[in-house]
Amino acid sequence: MKFPRRAIFFGRFQPFHKGHLYVAENILKEYEEIVFLVGMSTESHTERNPFTAGERIEMIRLAMKEAGFDLSRVITSALPTLEIHIASAHHAIYASPHSEAIFIGNPIVSQILREAGFNVIVPKPYKREIYNGTLIRRYMAEQNDKWRELVPKNVAEFLDSIKATERLKNITSPSERHILGEENSLD
Amino acid sequence: MKFPRRAIFFGRFQPFHKGHLYVAENILKEYEEIVFLVGMSTESHTERNPFTAGERIEMIRLAMKEAGFDLSRVITSALPTLEIHIASAHHAIYASPHSEAIFIGNPIVSQILREAGFNVIVPKPYKREIYNGTLIRRYMAEQNDKWRELVPKNVAEFLDSIKATERLKNITSPSERHILGEENSLD
Amino acid sequence: MKFPRRAIFFGRFQPFHKGHLYVAENILKEYEEIVFLVGMSTESHTERNPFTAGERIEMIRLAMKEAGFDLSRVITSALPTLEIHIASAHHAIYASPHSEAIFIGNPIVSQILREAGFNVIVPKPYKREIYNGTLIRRYMAEQNDKWRELVPKNVAEFLDSIKATERLKNITSPSERHILGEENSLD
Amino acid sequence: MKFPRRAIFFGRFQPFHKGHLYVAENILKEYEEIVFLVGMSTESHTERNPFTAGERIEMIRLAMKEAGFDLSRVITSALPTLEIHIASAHHAIYASPHSEAIFIGNPIVSQILREAGFNVIVPKPYKREIYNGTLIRRYMAEQNDKWRELVPKNVAEFLDSIKATERLKNITSPSERHILGEENSLD
Amino acid sequence: MKFPRRAIFFGRFQPFHKGHLYVAENILKEYEEIVFLVGMSTESHTERNPFTAGERIEMIRLAMKEAGFDLSRVITSALPTLEIHIASAHHAIYASPHSEAIFIGNPIVSQILREAGFNVIVPKPYKREIYNGTLIRRYMAEQNDKWRELVPKNVAEFLDSIKATERLKNITSPSERHILGEENSLD
Amino acid sequence: MKFPRRAIFFGRFQPFHKGHLYVAENILKEYEEIVFLVGMSTESHTERNPFTAGERIEMIRLAMKEAGFDLSRVITSALPTLEIHIASAHHAIYASPHSEAIFIGNPIVSQILREAGFNVIVPKPYKREIYNGTLIRRYMAEQNDKWRELVPKNVAEFLDSIKATERLKNITSPSERHILGEENSLD
């Protein structure tokens, strides 16, 4: 059976930003379809993973549509948080339809996938010093509007509609809390 | 923000058959987009769940394309096997982008979703006495070609390409094994 | 430090019925306090475990109050569903405050607790042929009012307030479904 | 059915200290009953969660009794450690009997509960710079008797009876171990 | 690097019987070392898995020594209960040191391992109608001494030393309990 | 029944180094057999746990053979990553055949085992400032050959055969990544 030529883009997409879009655009120059595999789908509302899997799929579709892609070329799937182990590589692959390559930036997971025998491509990040999730989440928590330029326009609008900066602010530990080394304000 | 009008179709799709297609067609008469939420995505190769999440997403896309739908209207996501609890209803909802209704046939899960306050629709099954997964899996395990007419043509071709009947035959306990009440031939 | 003399009563309480009450009454003749340890607290809405942990704690308190006990002698705790293993015995004990004995009817768990060195008492069931949870759940699923006499009056009233018979009916597989050997009406 | 007016107080209570007591006293001025929901009940003997769920329930009852409350107004339940996700909010609620509000200090969990639609109240902490668990656990690990004034008298006595300071000292990494960045002295 | 020629023998060994021994003897005719991989190591005290991983390792060593093998050729490892999924095959392999083949009787797991690309050998069982674990466990539960001839002499002696027949009897549901369809005698 | 006199040596063995060997040699002066219980067996390819359980068992056997021990005295078992709780102590014990003592360096786990009533021995580490896993893993990640002298010769050869330094380098976050506080290079 002949499958469309596909590549998996495995990430957390917290949130989906212009760096992700740049990688996806390059993938779709070479492949017919792209599988966005949303990792750590069962964690949300933490500093590292503020958005649910459903919200991340929404952002992916909004961004890809805004960038002019036909969404029939965009496939989404989700992978629960797994213990880090070489066998977990196979969970990622089997959560996706048949694909020829897997693009991933995370060094641990790419090492695991490579040792497990998969065709791993570490994409060249696009202006990583500005387009990176940690920075964007920090701006959002600080209610600093700089994050708006770092994500596609529709993603920004979506994030506003779910009051994302308020969520980020509330779940991000203020610095003075770090002094006492505690996570819980009523510890 | 205005979202496309969407409904979730929550099932296991083991495999995707014409009964599923019938429900999906009805959903797409009323809604702009459909979210296929693949349940028990972390189980595979059992009698009840023989196919991986990736294989099930493949079948969904093949069938919907064959039926003439623009795949840009088809969204897929996956939900790991969860302990049955009313809180799990929320996992299903948050694994999907914003939707107005959830279609589901499983009576336990529909009761949970309903009590949790969601808009649940139990679809009228289409000729359920023939279009049902248990029967199809049994035919496949018995190498009885009747299963071929119960799934879309492209799905049948895909199942052949992954040697599905051989898989089903090997993972299905032959009846004499039941006599001893054991699952393991070298118990 | 001197602790009140306590015993743990470990069960699922699905629902709390007069057989449970009989055991609890006997425990409180001998001990100052009783710890109701609600097992499989993270499963609900299944045929075997239809009620949530919170609902079960509600029933325990309603029944014990109705029976005239001072609720200051009643302690509740909850244990998630655990894999069956001798180490799990220790999870049960450490989920409870200091106690002198553990009353439990389940033969597997009582064997585990006994081998783990705890003081296990298998209570003599009270008219088990009528006061047993399986039978009560079946009556409820069949909308047969006989269940009402098998639980304390306040528990019956509570179960009505949460529409328990409707829940039971919906989550219990009708017999014709068993013929096809499937759990899912849209399988 | 008319339920007693209740509020949930959700925390880890590691250990139960005077700041917790202050919140509980305020809750019981307004509500008839209080549900202490013990979070992360399946972790113990770590720096962050040194005490078992049973030990924490013991401390709650000792402290509430010492403060003059009728223990019939005190309900306890336990919640296992869960992955942080908005669906987990519902696990907390369903582990408790019917309640009108949930008091919680943890900013992540309160954001989750609020988004999930629950009536969340973030209690004003009482002299948080001295009555906080992290500080108390540090004093205990350092065998510094200052912790004794920060918990109710009976709780201090209980902690002595289980040799809590010795436990804390043993499970708390000495500072020189941090230099090598290792958790394990025989790594 | 040159490794000893090894094969994995993957099973539950509940208990280790003469059928297992027969397979192991054949493996050691061809391979220098054998890896006994104890599956479902985190379940014990159930009808299907009555013995702990430690007890099963004990039986393996007793039997292999009694059969005259040098225990330096015998390697043991343990695999926790995993959800059935093709990725789990890799967990089995990575729990074992480098091996050339994996012997396994369970049809589901052997299909998974085969599809995952491993060299799977389904051993010819030895007089399976008498040397099988289900039968042996049933004899033990019924206190029928026939089980003694089905296991190596030292294994029988070990099982006596841990009072295995008493354990089996207590954890095995008596038939009248099946009539009510319940697992719990105080349900 | 008379068992060989055994002690458990519980560790992560990431990798097995000369400090571990020193402890094992001392154990085998006193006991007939040693049980290497490989902890966190279900994590691999992380900075803290780079090697799989199978690779760690391989290293244990290589080192013990090189040191002149008859491998018939060496038993291996594996324990999955568990939530830290006093009940987990029992999982460790029941994963091992009958033993008289358990040697462990981790302060949290040794406290748990001691409170659970086991005979715990904290071995005196051998030149811990040089023979420790954190340091060895750091040298390997930095491609600094000093690690070679810290492990037995055969272990070094094995680590070369699996390209361990390359694995360590790839999974270890470079320091500049820490500045942004992110784990994911394409975050």
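Letters are used for the chains, namely A, B, C, D, E and F, taken in the order the chains are written, and counting of residues starts over at 1 for each.
Please note the rule applied: a residue touches a chain if its C-beta (ideal position, glycine included) is under 8 Å from a C-beta of that chain, and two chains touch if they have at least 3 such contacts.
According to UniProt, the chain labels map to these proteins: A, B, C, D, E, F = Nicotinamide-nucleotide adenylyltransferase.
It should be emphasised that the depicted structure is a prediction, and the values quoted were computed from it without experimental measurement.
Rounded to a multiple of 5, the C-alpha superposition of subunit E onto subunit F involves a rotation of 180 degrees. Both subunit A and subunit E derive from one sequence, and where they touch, over half of the residue numbers involved are common to the two copies.
Rounded to a whole number, the gap between the C-alpha centres of subunit C and subunit F is 43 angstrom.
Averaging C-alpha coordinates per chain places the centre of subunit B 34 Å away from that of subunit E. Chain contacts: subunit F has residues 42, 44, 52, 85-86, 91, 94 touching two or more partner chains. Chain-to-chain contact here is organised irregularly, matching neither a line nor a ring nor a star, and falling short of all pairs touching.
Touching chain pairs in this entry, ordered by label, are A-B, A-D, A-E, A-F, B-C, B-D, B-E, C-D, C-E, C-F, D-F, E-F.
Put simply, subunit B touches subunit D in their complex at residues 85-91, 94, 116. The residues of subunit B lying in touch with subunit E in their complex are 42-46, 52, 81, 167, 170-171, 173, 180-187.
The part of subunit D that touches subunit A in the complex is made up of residues 11-12, 14, 19-20, 23, 83-86, 104-108, 110-112, 115, 122-123, 125, 128, 132-135. Residues 1, 3, 41-42, 44, 52-55, 57-58, 61, 70-72, 74-80, 91, 93-98, 157-158, 160-161 of subunit B are the ones touching subunit A in the complex.
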